[in-house]
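Paired with subunit B in one complex and with subunit C in the other, subunit A is shared by the two complexes that follow.
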Partner chain A sequence: MMQAVKIIKIKNLTPKIKVFRLTEIDGKKLKAFSPGSHIAVEIPVGQKIHRNFYTLCSSQQQTEFYDIAVLLTNNSRGGSQYLHRSKIGTKLNISYPKNSFSLASFAQKHILVAGGIGITPYLSMIAYLSKNNIPFELHYAAKSASECAFYDFLKCEYSSQVKFYFSELEEYISPEKVLEKQPLGTHIYLCIPHSLRKDFITRAKSIGYPKSAIHQEIFGAKKVNQKRSFIANLSKSKQKITVAKDRTLLEALEAAKIPIDYSCRIGGCGACEVKVIAGDIEHLDSYYSSVEKTQQNKMLACISRAKNQQIIIDL
Partner chain B sequence: MSNSNSIEAIKRFPFPFAGDSYQYSVNIQPVVNEPILDVDEHYQTEIKLRNSILDRNKTGRYVNLPHMKTAQWDTLEAIMEDLATHYSQFFTLHQKGDRWTWENKILNVRDTFAFLDESSLPYEPFEYIARQVQEDIILLDQREKDLFLDAGVLTFPTKWSIEFDAGMSFEEFHAPVPRAHQMGVFKKAKSFLRRIEIGKPWTRRNWTMTVNRRLDTSFETYPAWGKDRSSVTLDNCGAKVHLRVEVQRFVRLPRSNSLMFTIHTYLISLEELSINPVWTKRLHEVLKKLPSDIVQYKGLSRYRDTVLTWLSQNTLEPEYTNLESTVYSRSL
Partner chain C sequence: MNSISLLTKFEFDLSGSRHIVCAEGDAVDLICNQIEKLGYVPENTNILCLSESIVVDKKLNIKYVSTLENLIAKLIENLSSAYMGTRFYAVGSEQFVGDLRNHPIRLGMGSDEITLAVVERKKKRVFCSTCHEINTQVTTKIFNCFYCGIKLEIWSHFSCLKNAYLGVCADAEEVL
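Now for the complex of A and B:
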C-alpha cells in the first residue's frame, strides 16, 4: 500500500543527516502510525526502484506530515544520496507505516539507548511517553554535539530525561550504570552498534532482565543471502525466470508479471509460499519449522533461494 | 420478527467449504476491494439484539483493559471509514480536523464529536461503534512477540467467554481447540497475524452448527440453549439445524499497532442451504469425514447422524446449480 507525498521542508541536522518533512499530494490523509514505526521510500536508481526504510521521527499526534531523518552513506544502494540531492517539492512514493519496534504496553519504565542515527525511532516514542506521563530515560551516544542529530531539540524539550555521551570527549555509555537500580518492569530498547548491543544484552540478562524486556530494532536485520543468481523454471506457465543475485525470487516473479501474493516480505508470514517440484532450497525464512524445511517441497519467494543453479516451481 | 434468510441472503451465504473435506489449517486470505464489515438484511434485528444483551449485563460481554484506549479510537476510525466508503447510502463521516460528524441513517444516529476526546461521545468509543455493527469485535494488543486479548465486545460467540479469555495470549485462548496446536497451526497463524500491515486486511472463515436460529450461544447463556441439542429429529432437522459461519477479519490498527479481529456470524438452516445441492452434498461429505475430536469440540455429537441422514435424503442432483458461480465470486 503506497502513499504519494512530496518534500515540503528540508533541514540539515548534522553535516551528514538531513530531516525531510513529507506531506500528502493526492488529497488522502496520511496514515496514522504508532511510536517506533518506519516507512519504505521508493527511490529510483537507474532503471530500478529501490526501497529504503526510514523511521518516522515526528510525533504520532502530528497527522499532517511525516518527518524522516536520512544519514548520507556511501555504501548504500544510492538511496540516501538521492534523497540528499532532492529539493523541496520532490515527489516520492512511500509505503504505509509499519512497526517492528514498538513500545511494550506494560513496561513500568522505558530505557531507550541510541547510537548516532539510531536516535530516529525514539523521537516518536518519547513524544508518546511524555504525553502519557510514562517514565523513560534516553541514553544517546554520538561523536560530538555537532554530529548529534536533534541535539538542541532534545536538550530543550527533554533535558531531565536525556543523557548524551560524546566520544570526542571520551564519554561512553556504561551498560552497567544504565541498567542497574532500575525498577522492576523496566524495558530496554537498543538501537546501537552491534558490539555495544551485545554488551547491553549480556549485562541485562545477568542482572535478570527477562528476554521479553529487551527490544531491538529489527527491520534492518533481515537475513540477506544475495550471493548467487539462479533460474526458476515455472512448470505451469513454462517460463524461465532468472533471479539476479541482488534480487529475490518474489521480485523476479513480480517483474515477470506472474501473479503472486505477499505480505511481510521478510520471510515471516507465509503469504508468498510457492510449491517446489524439484531442486534444493536454501530456506532463509523464520516461518517454517525445521521439519518443514527438510521436506524441501515449498519455499517463501520473498527471501529463500535455490541452493544450486536451477529450481522448478509449481507456478 | 423475520429471522430467516431471503433468497438473496442465501445466495450470498459465505459457504465455508471449497472441497469435500475439512481440516484445520492457516486458512487466511487477503481482503481486496471489499468492505471489512458487512451490513446485511439482519442489521436492525442484530443491532437490537446486541443492544439488549449489553444493556442487560455487560459482564462476560465487554472487556476493555485500560491500555487499549488508543486502540478503541483506531477501531472507531477504521469502522467509520469502512462503512462510509462502502455503504455511503447509509453512513456518512465528515472530518474537519478533530471535529467529526457521524451519521447512521439506518439507526437514525447523528453525532458530532472530537476525535480522541472520550467525553464527547455517549459511550466509550469502542462500545459506541460496536453498537452500530453486526460484528463482534476483539482487539489484540501486540507485545512480546505475541497477541493478547485485551478488549472486546462479544454478544454472538460460539461457546466461549470473553470474560474468561481476557488478557490471554494467542495460544492460551486457543487452548481448548483439539489437534490444531500439534499441527503447528496456531504458531504459524500467530506469526502471520503479527505481521499484518496497515491497509492490508485478511480474512478467514470458521464454521460450526447451531440448533435453532440463535446467535447468542455464549458460555454465560449455556443453560438456555445447551439442551436444544437433544431436540433434533429427522422431522425438524431441516428447520432447526443451522450451519453457522463466522467471517473473520484481521486489521492492523495504525495508532496503537493493535490488531482488530471482527467476527460476522451468519446462520443458514439446512432447508435454506438445500436450495443449492452442491452445498448440501459438500456439507454431507465434510460431516461424514469430520474427525471425531473435532465433532465433539464443535458440539455436534448428539445430532450429527440425524443431520447426515437428512442431508442424504434432501440433496437433489446438482443439475440446476448456476448458484455455484454466484457464490464463489465472493472470495473465500
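Now for the complex of A and C:
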C-alpha cells in the first residue's frame, strides 16, 4: 500500500543529515502511525526502483506531514544521494508506516540510547512519552554538537531527560552507569553501532535484565567476511544463480529477475526468507533464534550465505 | 484462559541478580531443596514465608510472616526498592500464588521475571456468575454459592485479575 507525497521542506541538521518534510500530494492526511515506525521510500536508481527505509521522526499526534531524517552515505545504493539532491516539490511514493521498533506498553520507564542517525526513532517516542508523563532517559552519542542531529531541539525541549556524549570531547556512554540501579519495569532501547550495542547487551544481561526488556533497532549490518562466492540452485525454476563474493543472494536473485520480497535488507526483519532444501547455511542475520539457525532449513537472502560452494533453495 | 499449571519442580532463574521468594507454609521446603541442590544460596535472595511457626530449621535467611496481609505488605516494600535484575517467585497453593502475582506485575515486572509455582489446587476461589461474589476454599466441583445460594458448577476458565475460577449455574436448564 503506497502513499503519493511531495517534499515541502528541507532542512540541514548537520553537514551530512537533512530532514525532509513530506505531505500527501492532494493535501489529504497521511496514514497514522505508532512511535518508532518507519516508511519505505521508492528511489529511482538508473532503470530500477529501490526501496529505502526511513524512520518517521515527526510526532504521531498529527498526520498532516511526516518528517524523515536522511544521512548522506557514500556506500549506500544511491538512495541517500538521490534524496539529498532532491528539491522542494519533488514527488515520491512511500509505503504505509510499519513498526518494528515500538515502545513496550507495560514498561514503567524507558531508556533510549542513540548513536548518530540512530536518534530518529526516538523523536516520535519521546513526544509520546512526554505527553503521557511516562518517565524516560535519552542518551545520545555523536561526534560533536554540530554533528548532532536535533541537538538544539532536544536541548530546548527535553533538557532534563537528555544526556549528550560527544566523542570529540572524549565523552562516551557507559553501559554500566546507564543500566545499573534502574527501577523495576525499565526497558532499554538500543539504536547504536554494533560494538556499543554488544557492550550494552552484555552488561544488561549480567545485571539481569530479561531479554524482553532489551529492544534493538538494527541500524547497519554486522561486518562480515564475504570472500567466498557460492552457487544457489533454485529447485523450482531449475536455475543456477552465482552469488559473487561481494554480493548477497538477494542482490543476485534480483539481478536474475527472480521475484523475491524484501524489507530491511540487513537481516533484521525476515521479509526475504527463503526455504533451504540442501546445503549448509552461514546465518549472519539478527532475526532467527539460535534454535531456528541450527535447523538449517531457511535463511535470509539479504545477508546470509552458503557455508560451502552450493546451496539448494526452494524458489 | 486456564489457570497456572501445577509445578513439577522449583528452580531459581540464575540470570537474575536478586531474588525475592514468597512461599506458603510447607512449600518453602521446595526452595530449600533447590538451594541444597545448588550447593549455595543465590546472591541477594530474600525469602518470605507465610506461616505461624518456623517451617524449616536451616540456616537460611527466611522471614516468617503470620498473615497474608503482612506478607503482601513486606513484599510491596521489597519490590518498591528493587532494581532491574530482580526475579520474583511465588510458591504455594493456587490461591496464594494468585493473591501475590499482581503485585510484581503492577510494578512492571514481566512474565520472564516472575516464576509462579502452584503446588496444589485442592481449594479453589470461585467467582459466582450470578451474584459476582467470590467463594473461597471451595473443594468440590459443584457447590452452593456461599452468598446467593445458587448451585454452581466450576468451569476451567480462570481470571488472573480476580484470581478465581468461573462458577456458572449448574441447573439453569432444568425444567421447573
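To be clear about the criterion, the second predicted complex is superposed on the first by the 214 of 315 C-alpha atoms of A that agree within 3 Å, B and C clash if a C-alpha of one lies under 4 Å from a C-alpha of the other, contacts with A are read in each partner's own complex, and residues count from 1 in each chain.
We adopt the following convention: a contact is a pair of C-beta atoms (placed from the backbone, for glycine too) under 8 Å apart; a residue touches a chain by one contact, two chains touch by 3 or more.
Since we're looking at a predicted model, the values are computed, not measured.
With both structures placed on the common chain, the touch criterion links A:96 to subunit B but leaves subunit C unconnected.
Of the two partner chains placed by superposition, A:193 touches none, neither subunit B nor subunit C. Of the two partner chains, neither subunit B nor subunit C is touched by A:44.
Once the two complexes are overlaid on the shared chain, A:270 sits against subunit B while remaining clear of subunit C. With both structures placed on the common chain, the touch criterion links A:287 to subunit B but leaves subunit C unconnected. Contact with both subunit B and subunit C is seen for A:106 once the two complexes are overlaid on the shared chain. Contacts of A:31 after superposition: subunit B is touched, whereas subunit C is not reached. When the two complexes are superposed on chain A, the residues of subunit A that touch both subunit B and subunit C are 106, 212. Taken together, the subunit B residues at the contact with subunit A in this complex read 26, 30, 67, 74, 77, 141-145, 184, 187-188, 191-192, 194-200, 254-257.
Across the complex, subunit A meets subunit C through its residues 106-109, 179-186, 205-213.
Remark: subunit C residues 15-18, 79, 82-87, 104, 107-113 touch subunit A in the complex.
Looking at the complex, you find that subunit A touches subunit B at residues 1, 31-34, 37, 60, 96-99, 102, 104-106, 212, 261, 263-264, 266, 268-271, 286-287, 289.
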